[in-house]
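We call the chains A, B, C and D, going by the order they appear; numbering starts again at 1 in every chain.
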Amino acid sequence: MNALPYDRAQLARKAQMIADAGRELAALGWTPATSSNFSMRLDPSHVAVTVSGRDKGKLGAEDIMVVDLDNQPVATTARPSAETALHTQIYRRFADVGAVLHTHSRAQSVASRLFAEAGAVRFEGWELQKAIAGHSTHESVLDLPVFPNTQDMSVLVGQIDAWLDAGKPLHGYLINGHGIYAWGVDMAEARRHLEAFEFLLNCELDLRRLSS
Amino acid sequence: MNALPYDRAQLARKAQMIADAGRELAALGWTPATSSNFSMRLDPSHVAVTVSGRDKGKLGAEDIMVVDLDNQPVATTARPSAETALHTQIYRRFADVGAVLHTHSRAQSVASRLFAEAGAVRFEGWELQKAIAGHSTHESVLDLPVFPNTQDMSVLVGQIDAWLDAGKPLHGYLINGHGIYAWGVDMAEARRHLEAFEFLLNCELDLRRLSS
Amino acid sequence: MNALPYDRAQLARKAQMIADAGRELAALGWTPATSSNFSMRLDPSHVAVTVSGRDKGKLGAEDIMVVDLDNQPVATTARPSAETALHTQIYRRFADVGAVLHTHSRAQSVASRLFAEAGAVRFEGWELQKAIAGHSTHESVLDLPVFPNTQDMSVLVGQIDAWLDAGKPLHGYLINGHGIYAWGVDMAEARRHLEAFEFLLNCELDLRRLSS
Amino acid sequence: MNALPYDRAQLARKAQMIADAGRELAALGWTPATSSNFSMRLDPSHVAVTVSGRDKGKLGAEDIMVVDLDNQPVATTARPSAETALHTQIYRRFADVGAVLHTHSRAQSVASRLFAEAGAVRFEGWELQKAIAGHSTHESVLDLPVFPNTQDMSVLVGQIDAWLDAGKPLHGYLINGHGIYAWGVDMAEARRHLEAFEFLLNCELDLRRLSS
């Protein structure tokens, strides 16, 4: 048995956390039709990520694979989703990020279409903005950018790199007609950020329905 | 005991898969008031299908019967739903289809009324269109036709035959004021298609509410 | 131990069916804040009914009492809800009714306000109208009347008697700002009717939102 | 072991009731992203309250702390949420209150924004107003005030004191962009009040959507 370049016990632990998150997020209806993908960092150069096309509510050990930060599968014949490139980008750009969650809720998909032209959803005056790390008051402004969708991941990666290179804050983003990416230092923070964005998006959509 | 014209173990396996799907779809509220029906192919000439009028969330072995591709009950005194004719039509027209699901969610029923005059719901720009077999990009166009409702199944069968005979693609359809039919090569694909259509219909209804 | 004027085993069976229905309807959110009440007929002159003010999701044997058809408690010191008079009216007027369900869902409450002036919600063109006993086609017309609310039960009873005495069909009714009453020959049919009305009310509200 | 200034068994009982309420309210989606906090009175001068920042759906004994009516932690190094001041205010002002619940549902947050300018949500004509202690008819008027949000708790406390000092009735209140506070003599009544307000807010928002 060859030595693995990552810690097997670490993988087992993180795979279980990913499966638990998947079960709970699927129960909320945020991963329809085998969409969505989840990952956690194993060490500075390896990431555990869901295999493409699996039911996210019923993930087992065989549904989680390891890639390096260049999206190359490590010690596996499994196929990573093309979107894995968006996960590894976040791990490369943010050294303290430990978990990345990509889901497809109805509010995420609908809001991405409605705010695509504006380029971002702007949240102001919501107490729950404080759930995003670094925000201590509802009086701040929180922007969730919306990037155009494309099947070419390198174009998406380029758009996000450009946003970050411009020095703009980024705690998550939408892709038009698609869904959200959110992350955190660990799974608990990534879940809190994802839940907060989902809640805020629903509130904004409700306000828009009710204010017209 | 007479020999059955189908494999009894195969029936037990498929009946269990139908009951599992029924329980999960009922929990989502897509089978109100004992509506909806589900089927799976047993062999080239037999289909397992739910008996009319049963609670789809609590299906047992006695709630699943066998029909041939002409809708005739096989080795049973149970009564098939009139809508069984729409299931067998799909098995006759698509040799590779293994499962057909008919549900009545609120979004399916409401969208069928709103898009009846247009004759179809057109999906464009949604990443989740990729969940439908054969679609590899959100840039494609996906049409879900809406057929007029009637209690005369032969009229409905004729409308669907006409659509298919015209060479138009068909991955599912709505019946006005009624619900959806979706299918796939196996239960997993049929579920994925059904979930994708339900999600896309909800998104379209939301966009319509929010864009007015 | 005095002889009871009803069958104790029958009461235990029906109380269990009421508790099961309560748990499932509460989980759907149709019995907010200890509202709603449920009953089943024990014999031609006795009815088992929920005691006032209990959490309908957690009913035990002590939360179900017996009344006669004049709303008088039988062999108990428990207090029946004032609304029990609406249950016994249905048992008096319809000799074949075995179960009455009164719930307070959001759609029931909101629709009752919107359609109060019209005096009824009219359903046309929905396949699910067939879930109501005696309806065999979506081409029929189904009216769900809305009666004005009052804390004086005798006034409500009088309005419903007047409707029935006029020979109009009645499968359920709304009370303005309040909720629904539905019934059936047994608990299964009462549940099917209640689910069908809830579904149809939601569809009508959706259509109204989307057609404006 | 030093003597504690409160009854340890009483704390264990109340902590369990808080954890049970948290699990059920979290399952309804009313405590997104570790928001919300809950408390119960232990004795005339002590209150058990949730520690800041915990997942309200998974509360354990270590997630509940004791404070006195001046918000000072008692026999613990845990940090109370700043919002604890709003809980102790209610216990100080209402000697018979035994439980206070603060949640962040979507309807609570959205309604708080829409009715902030009016200063209150007014409920009229809903049977469920009777779920609020002291209301015996749908013909009464029930006001749920909306106070401006601020990160300075003393300002919030001052606004609520002013409302009460003016002799106006108060059964709960919203904070703009934030959520609701509701209470009762025990956990059951606090839950009933919270459920009733949530239901009534949803109904008012639905009416507003449908009446435009």
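Quick note on the criterion: contacts are C-beta pairs under 8 Å (C-beta built on N, C-alpha and C of every residue); 3 or more make two chains touch, one makes a residue touch a chain.
None of these values were measured; they are calculated from a predicted model.
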Checklist entry - Rounded to the nearest 5 degrees, what is the angle of the rotation that puts chain B onto chain C, matching CA atoms? => result 90
Checklist outcome for this item: Given over half shared residue numbers means same and under half means different, the chain C/chain D interface is different
Next on the checklist: On a C-alpha centroid basis, what's the spacing between chain A and chain D, in Å?
Outcome noted: 32
Next on the checklist: Quick check: how many Å separate the C-alpha centres of chain B and chain D?
Outcome noted: 46
Checklist outcome for this item: Within chain C, the set of residues that touch 2 or more other chains is 209, 212
Next on the checklist: What's the contact topology between the chains, one of line, ring, star, complete, other?
Outcome noted: ring
Checklist entry - Which pairs of chains touch one another in this structure? => result A-B, A-D, B-C, C-D
Next on the checklist: Under the stated contact criterion, what part of chain B meets chain C in this complex?
Outcome noted: 32-35, 55, 104, 106, 109-110, 113-114, 149, 151, 175-179, 205, 208-209, 212
Item to check | chain B contact footprint on chain C (complex, rising order) | outcome: 125-128, 131, 136-139, 188, 192-193, 195-196, 198-199, 202-203, 206-207, 209-212
